[in-house]
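The following pair of complexes shares a single chain, chain A, combined with chain B in the former and chain C in the latter.
After this line comes the complex of A and B, so read on.
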């Protein structure tokens, strides 16, 4: 497939880098200020090198990427809340041209799911968004395979930064501020870790799952989620949990139309008690019991593999 | 064993004893005499029922057949059996509360949870690393009736909200597996 990749952060860049390995070509690549377009396939190495050295992927206006020749648009710009722009506009532009869209950006499917589905109905293009939940893990495609009507609940540890902090706090007996600073030094936490530690990122993923599970067309957005972060978790609370064979994890839970994210007590040896930056999603299926999917929930190449898996599904 | 086809199961028996010397022993004898294996006894001395009785919770193992005999023997001995059986009083849930637990009267917090949900506090562990005037944490295990977990959790949330405490809740049963 010919791909137009919008967004040149870790995920977008990895998609560009790995596309050929998966048998696809990149005909357009844009960051926020520039683009490179070539119907015969761009020189991906040169574009990535230019991004590294000059901070721009190309020399033409970024809007040219949207009007380029492509089969699927990969939307990998940063997640925005509310109107989910500019990501939403990119999806709209692709669908209006009857092109497929693969999202790594959570905004459009977390905040404007009904609008996205409406645009998709009027288009010959499809919208897939495996990469928005659980990075490399095949969460949404597994839900689709099992049929959302046969899944009663989904719970998961869906933010690696928060999980790293909680598991470090528990094993090392350190307090929150200390571990957060360490996570920032290691590059596990961003300079502004707000969305990771206050539960927003996990909640967006929960909301996306709720949208997928809702078979009656109910639309969920971030405002429907009950969200609590991990900033207030103390070392002594973790210690009390540990004495009882438990630990604390930031769990996103989607059950019967409710989305809830917050620190929860889980047995130390339970599947949900993953450690470090690992993620896990646990599906309650109607006929097959519990299904656990665990793996890397973030990272450029990891998330790009989920994007490219979606591209493969569109072929 | 003659009844080897019957599997041994664990049961919880909730009794209310008259506050007199020897009552606890008198309540335990019928259990041992009828083939029950005592696992634990929780004697809530400080928690007197409205009728002036002392609640006691006994965990034991027995075959289902022998368990029936134990309950009969307890009642024959005039012991007040409030609830008996794994199916009736079987759910335990653990929560961790953090905040100004001591300043906001921890024992009042616990009795309010008990009063509004009928759950019994079976274990409490308090950690106050910075002294009792600062924030502290408590792990509380509550025993509640089958199906009453939601009611108990909502009682915990209500009291915690009022006293500005944070609750780290357990996952629903499914997530604990």
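After this line comes the complex of A and C, so read on.
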């Protein structure tokens, strides 16, 4: 397939870097200020090198990527809330041209799911978004395989930064502020970690799952989620949990139309007690019991793998 | 889709029972001695009731199921080795009629993979077999999503009976023969548990994975696998492992064209140390690290879920 990749952060850049390995070409690649377009396939190494050295992937206006020749648009700009722009506009532009869309950006499917589905109905293009929930883990495709009607609940640890912090606090007996600073030094936490530690990121993933599970057309957005973060968890609370054979994890839970995210006590040896930056999703199925999927929930190549799996499904 | 279900054991019967729930109809259903065929859709409740009370699903010759009107044949007869008959012949008959095939029977894809793929190339029908590896767990579809070329190894605990026995031996300090008898009483182990405890069943699953991963056309069969069972594991060996924080699991490993199955020492809190009848598969991916999938690896409705997920993929 010919891909137009919008967004040149870790995920977009990894998609551009790996596309050929999966049998696809990149005909357009844009960051927020520039683009490079070539219907015969751009020179991906040169574009990534320009991004590293000059800070710009190309020399034409970014809007030219949207009007380029491509089969699928990969939307990998940062997640935004509310109107989910500019990501939503990119999805709209592609669908109006009857092109497919693969999202790594959570905004459009967390905040404007009904709008996206309506645009998709009027288009010959399809919208897939495996990468938005659990990075490399095949959560949404497994829900689709089992049929959302036969899944009663999904819960999981869906934010690697928060999990890294809770894991380190529990094993090292350190306080929140100390471990957060360490995580920032290691690049595990961003300079502004708000959405990771206050539960927003996990809640957006829960909302996306709720939208996929809703078979009555109900639309969920972040405002429907009940969200609590990990900022108030103390080292002594973790120590108390540990004496009882348990630990604390930031758990997202989607059940019967409700989305809840918050710190939960879980047994230390339970599947939910993944450590470090790993994520886990648990699907409660009607006919096949509980299914657990765990893996890397974030990272450039990891998330790009999920994007490219979606691209493969569109062929 | 219209399904012809061949085989009326736990899996075939569950597929017939659940088909309507997933939006499909059953136009033919056969056991080894009889069949019921109706192009408008058989009465599934009546057929299952006849099987329970009379031991026969219908009153016509089983071969009539193969020549019935259907879109996909579900092959759920018992796994056989060598020529993989009669399952192989059923697959052949469907593909020659340009119909799809969904296998729950491991024989044809473990023992005659190249023949199956050649028949598929000459047919408008496709062959899917998610249910043959890990029951309800989406192992093969995840391998397909990541692309077999980007997966370097697959290992897992793929036999629930052997795992139940090892788990019970380790936690209760009981000997093999005692726990095997208990497993038979519980229906977890069959009257003849040979293939489960000697590693053959896990090896067949490993061989199927090896066939899927081989991108150079190499064909694997059971004779290519290096197989050791759990019959010689003693309670004292498990006790020694436990003192060292470890336990023993029957692990199947597919790496670089080799298939090996045998008892392995694993840390007690490692993902591979699933307990009871649960299974786990670990995929080592090139771009997304390790991915773990765990769930119920056997059982009628569980395996039928995987069959029906395959049917959904064919639509």
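Everything that follows uses one rule, which is that the second predicted complex is superposed on the first by the 315 of 315 C-alpha atoms of A that agree within 3 Å, B and C clash if a C-alpha of one lies under 4 Å from a C-alpha of the other, contacts with A are read in each partner's own complex, and residues count from 1 in each chain.
Quick note on the criterion: contacts are C-beta pairs under 8 Å (C-beta built on N, C-alpha and C of every residue); 3 or more make two chains touch, one makes a residue touch a chain.
Bear in mind the structure is a predicted one, so any value in this text is a computation, not a measurement.
On the superposed chain A, the two partners chain B and chain C both fit, without a clash. Once the two complexes are laid over each other on the shared chain, residue contacts for A:312 go to chain C alone; chain B is not touched. With chain A as the corner point and C-alpha centres for all three chains, the angle toward chain B and chain C works out to 70 degrees, nearest 10.
By the touch criterion defined above, A:142 lies against chain C but remains apart from chain B after alignment on the C-alpha atoms of chain A. In the superposition on chain A, the chain among chain B and chain C reaching more residues of chain A is C. By the document's definition of touching, neither partner reaches A:80: not chain B, not chain C.
Shared-chain residue A:32: touches no atom of chain B or chain C. By the document's definition of touching, of the two partners only chain B reaches A:263; chain C does not. In the overlay built on the shared chain, the residue A:290 is in contact with chain B and with chain C. Superposition on the common chain A brings chain B within a closest Cα-Cα distance of 11 Å of chain C.
According to the touch criterion, the shared surface of chain A, contacted by chain B in one complex and chain C in the other, consists of residues 271, 290.
Residues of chain B that touch chain A in their complex: 94-96, 98, 125, 127-129, 135-139, 141, 166, 168-172, 174-177. Touching chain B in their complex are the following residues of chain A: 153, 155, 232-237, 239-241, 243-244, 246, 248, 251, 253, 255, 262-267, 270-272, 282, 284, 290. By the touch criterion given at the top, residues 14, 18, 21-22, 135-138, 141-142, 144-147, 149-150, 269, 271, 285, 287-296, 299, 301-302, 304-306, 308-309, 312-313 of chain C touch chain A in their complex.
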